[in-house]
Amino acid sequence: MHIHKLEKIWLVFGIGMLGVFLLILGISTFSYGLEPPSAHQAVNMENLYDTPPFDELGLNKLNDKEYEAILTAYVFGFNTGDEEFTVPVGSTVHFKATSPDVVHGFEIPGTNANMMVVPGIINHVTYTFDEPGEYLILCNEYCGVGHEIMQTTITVK
Amino acid sequence: MSQTTEEMKTEKEVVRLKDNKKTKHEEVNLKGTFASVMLLGGFLIITWLAVFILFLVRNG
Amino acid sequence: MNTVQQSEQAFDKKDSKLVISHIIFAFVALLIGGIAGLLQGLVRSDMIQLPAGIGYYQLLTAHGVLMALIFTTFFIIGFLFSGMSKTLGGKLLPRARTLGWLGFIHMGFGTLVATVMILLNKATVLYTFYAPMQASPFFYFALVFVVVGTWMSAAGMIYQYRYWKKEHKGETTPLTAYMSIITMSLWVIATLGVAVEVIFQLIPWSLGWVEGINIMLSRTLFWYFGHPLVYFWLLPAYICWYVMIPKIIGGKIFSDALARLSFILFLLFSIPVGFHHQLMEPGISPFWKFLQVVLTFLVVIPSLMTAFSLFASFEIYGRSKGAKGLFGWFKYLPWKDIRFFAPFMGMLIFIPAGAGGLINASNQMNAVVHNTLFVTGHFHLTVATSVTLTFFGITYWLIPAMTGRKLTPKMHKLGRMQTWVWVAGMAMMSGAMHIVGLFGSPRRTAYSDYNGHPDAAAWEPYYIIMAVGGTVLFIAVLMMIYNLYKLFTLPKGYEEYPIGEVSDLAEKPPKLFERWGFWVSIVVILILMAYTIPVIDILNNPSGGSKGFVTW
C-alpha cells in the first residue's frame, strides 16, 4: 500500500506521541503507586452495618497524620458515623466506602479523590490534605431523586 | 452498465493514469496538510499535558 | 472502480420511502430530546423549576435515550440503507428492503414503549440504566425491540452486500458499502454485550424470576457495548468525510486503501476498550484497566490517518485550482455549500473533541474529570456536534436526492445560518461544561448549592453560560426542523448523491480487506484477551447478587 512520505512522518509522530503518553501514564501508575481506585474486597450488602469495617463508621487514627475514614454512601447521603470527618493539616486519609443500596460516587472537588461506590464491593481512595479548609464531599453518580442533595464535608485544620 | 458510462470510464482512466505518472515521480505537494496535522498534534500534546499537570498538582 | 457511474436517474421510490421514514423519525427524536435539553440547562442554572410532576432525571433519561440512542441510530440506518442502495446495484433487493421495514417497525415500537415508560416515571434510570436501579420490565423489553430491530436492518444490508458480491465476483466492493458493512458489523458485535445484559440479567431480575443481579457484570457488559456505540455514531460521519466530502468539493478521495484500513482498525480496536469508562470502579485490577487504556490509544491511530486524508483531499483540490503557499488551498473550499460547510464545522470541532477524549481515557488522569461536566462537555462536541452537524450536512442533499428535488441558494443560506447558531450555542454550553467540570462540578445532577459551600458557588456563573448556550442550541434545533420542512418543499429537480472518486488508480485495496472471517476472528481474540480474566474475576465475586431499587 502506497503511503505518502509526509503521512508516514505524521503517523510516526502521532503514534510516538501516543506511546509517550502511555509511557508516562504506565510508569506513574505502576512505579509511583498512582493506580486508579481498583479495590477488590467484596462485602455482604445484606447485613452491611454488622460487617467490619462498616460496623464502626468514622475516622480511625492509624499513625501520626494518617487516618482511615470508613463511610457508606446511601440514598441520599454519606454515613460517616457519629460526626463529620475532621483531621489536622497535612493528614493522609484513606477513604474506604461502599453502598448499602444503589451505585453512588465519591468526589472531593478540586482534588483527585474521585471513585465509584458500588454495592457489594469496597472501594478505596487516598488523599493528603495539605491546605486547611472545609472540603466538600459529593456524590457524582446519579442515584435517584435526591442525588443532588448527597453531600458531607471533611474539615482540615 | 450502459455503453456510454463504459466509455466515460475509460476516458477518465486515461486521464487518471496520466495524473498518476506525474504524482509517482514527484509526490503531490502536501506541505499544507502536514503543517495542519502537526498543528493538530501540537494541540493534543498541549491540552493533554495541561490536564496531566493539573492531575499532578491535585494529587496532594 | 465503482465510482465512475453517475446515473442521473432519481432514487428508487420504494427505497426513498424507507430512508425518509428513518430520517424523519430521527428528527422527531431530536426535537423532543432538544426540548428536554433546553429544560435541563435552565434547571441546572436555577433559572426555572419544573412544573409539578416532571423530574429533572426523568428529562435527562428522555434526553439521553432520544438523542444518544434513537436520533443517532435511526439516522444512521436510514443513511446507510441509502448508500447500499446507491452503490450496490441502484436499488435495494426486495428482501433487504423488507428487513429494513421490519427493523424500522421494531425500533419504532421499542422507542414508543420506552418513551411512554420514561414519561410515566417508571424508568428514570438514565440511558445507561445501571443496576441495581430497577426500571419497569417494559422498559427493558422496549430496549430489546430497538436492538433486535437494528439487527434486522443489519441483516438486510448484509444480504444486499452478499448478493452483490455473488453477482460481481472478484470486484472490489464500493467504498461506501464496504464502510457501511464494517459499521453494522461493529454494531452487531457490540450490541451482543448489551443484549446479554438486558436479556439474561435485567429482564429476569426485573420480572422477579431471579433474586439478585451481579452489578459489576452488568456494568462491564454495558460498557463492552458503550464504547463501540460511540464509534457506531462516528463511522457514518467518517463515511461522509471520506467518500462524500471529496466529491462535494470537486476533488478526489485521497486513498481508497487507507480509508478501508482505517475502518478495519476501528473494527478491531473500538470494542475491547470498555474499561476506560470504568477506571474509577472497584473490582477490576489496575493491570486490566491499563491494558484496555493501551487498546483505547490504538483506536486513535485511524483517526490520525483520517485527519491526514481529509486535509490532503482539500489541499490536492485547492492546488489543482492553482492555490499557492502553505495554506492557500483553504480559500478554494466551497464555503457557501452547506453540504460541505456543516460537515466541515463538524470536522473542526472534532479537534477539541478528540483532545478531550484522550484526556478522559488516560487511566489515573480520569480522576480529574470522571463523572464531572467535563465529560458531558466532551460528548456534546463529539456526538452532538461533530456527528450531528455531519448528519445535518448529509440531510441537505439526502432529502432532495430521495425526493427528486434541487437545493437552492436560499436553502444553502438557511443551512449556513443553522450551522453557525449550533456552533455558537455549543461553544458556550460545551465550553462552560469543560471548564466547570475541571473545577469538579458533577454531571447528571440537578441544581444544588451544596448548602452554600463556596466550591459550588464558584460554579454558578458557568451554569448561566450553559443555560444561555443551551437556549441558543435549542433555537438551532428549531431552525433545523424548519430547514427539514423546507427541504421537502424545494423545487423539483435533480440533486446528486455525492460518491467520491478515488484519486490514484494504482491503489487497488488488498483482497485481505474483505476476508471477514479473518477480521472477525481477530476481533474475537482481542475481546477475549481484554475481557476473559477480569470477567472471571467479576463472576467469582462472593458478595452475592443485589435486589432491585426504585430510588426516584
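In this document, chain identifiers A, B and C correspond to the written order of the chains, with residue numbering beginning at 1 in each.
Rule of thumb we're sticking to: contacts are C-beta pairs under 8 Å (C-beta built on N, C-alpha and C of every residue); 3 or more make two chains touch, one makes a residue touch a chain.
Keep in mind that this is a model prediction, so the values were computed, not measured.
Participant: Which category does the touching pattern between chains fall into here: line, ring, star, complete, or other?
Facilitator: complete
Participant: Farthest from chain B by Cα centre, which chain is it? Let me know.
Facilitator: That would be chain A.
Participant: Calculate how many whole Å lie between the centre of chain A and the centre of chain C, each centre taken as the average of the chain's C-alpha atoms.
Facilitator: The separation of the two C-alpha centroids amounts to 30 Å.
Participant: Express in whole angstrom the distance between the two chain centres, defined as the mean CA positions of chain B and chain C.
Facilitator: Each chain reduced to its C-alpha mean, chain B and chain C end up 23 Å apart.
Participant: What whole-number Å value describes the gap between the mean CA coordinates of chain A and chain B?
Facilitator: It comes to 42 Å between the two C-alpha centres.
Participant: Could you check chain C for residues that touch two or more other chains and list them?
Facilitator: Chain C, residues with two or more chain partners: 304, 308, 312, 358, 362, 364-365, 367-368, 504, 506.
Participant: Among the residues of chain B, pick out those that touch two or more other chains and give their numbers.
Facilitator: Each of 28, 30-31, 33, 37, 44, 48, 52, 55, 58 in chain B touches at least two other chains.
Participant: Two-or-more-chain contact residues of chain A, please, as numbers and ranges.
Facilitator: Residue numbers touching two or more other chains: 4, 7, 10, 14, 21, 34, 110, 112.
Participant: Within the complex, which stretch of chain A touches chain B?
Facilitator: 4-7, 9-10, 13-14, 17, 21, 24, 34, 110-112, 127-130
Participant: Which residues of chain C touch chain A in their complex?
Facilitator: 55, 57, 60, 124, 126, 130, 132-133, 215-216, 219, 255, 257-258, 261, 278-286, 289-290, 293-294, 297-298, 300-301, 304-305, 308, 312, 358, 362-368, 370-372, 439-448, 450-451, 453, 455-456, 504, 506-507, 510, 537, 541-544, 546, 549, 551-552
Participant: For chain C, which residues count as touching chain B in their complex?
Facilitator: Where chain C meets chain B, its residues are 1, 4-6, 304, 307-308, 311-312, 314-316, 318-319, 325-330, 351-352, 354-356, 358-359, 362, 364-365, 367-369, 438, 501, 503-506.
Participant: Looking at the complex, which residues from chain B come into contact with chain C?
Facilitator: Touch list, chain B to chain C: 1, 5, 8-9, 12-13, 16-17, 19-20, 23-24, 28-33, 35-37, 40, 43-44, 47-48, 51-52, 54-55, 58.
Participant: Enumerate the contact residues on chain A facing chain C in the complex.
Facilitator: Its residues touching chain C are 1-4, 7, 10-11, 14-15, 18, 21-22, 25-26, 28-30, 34-46, 75, 101-103, 105, 107-110, 112-116, 118-124, 134, 136, 138-149, 151, 153.
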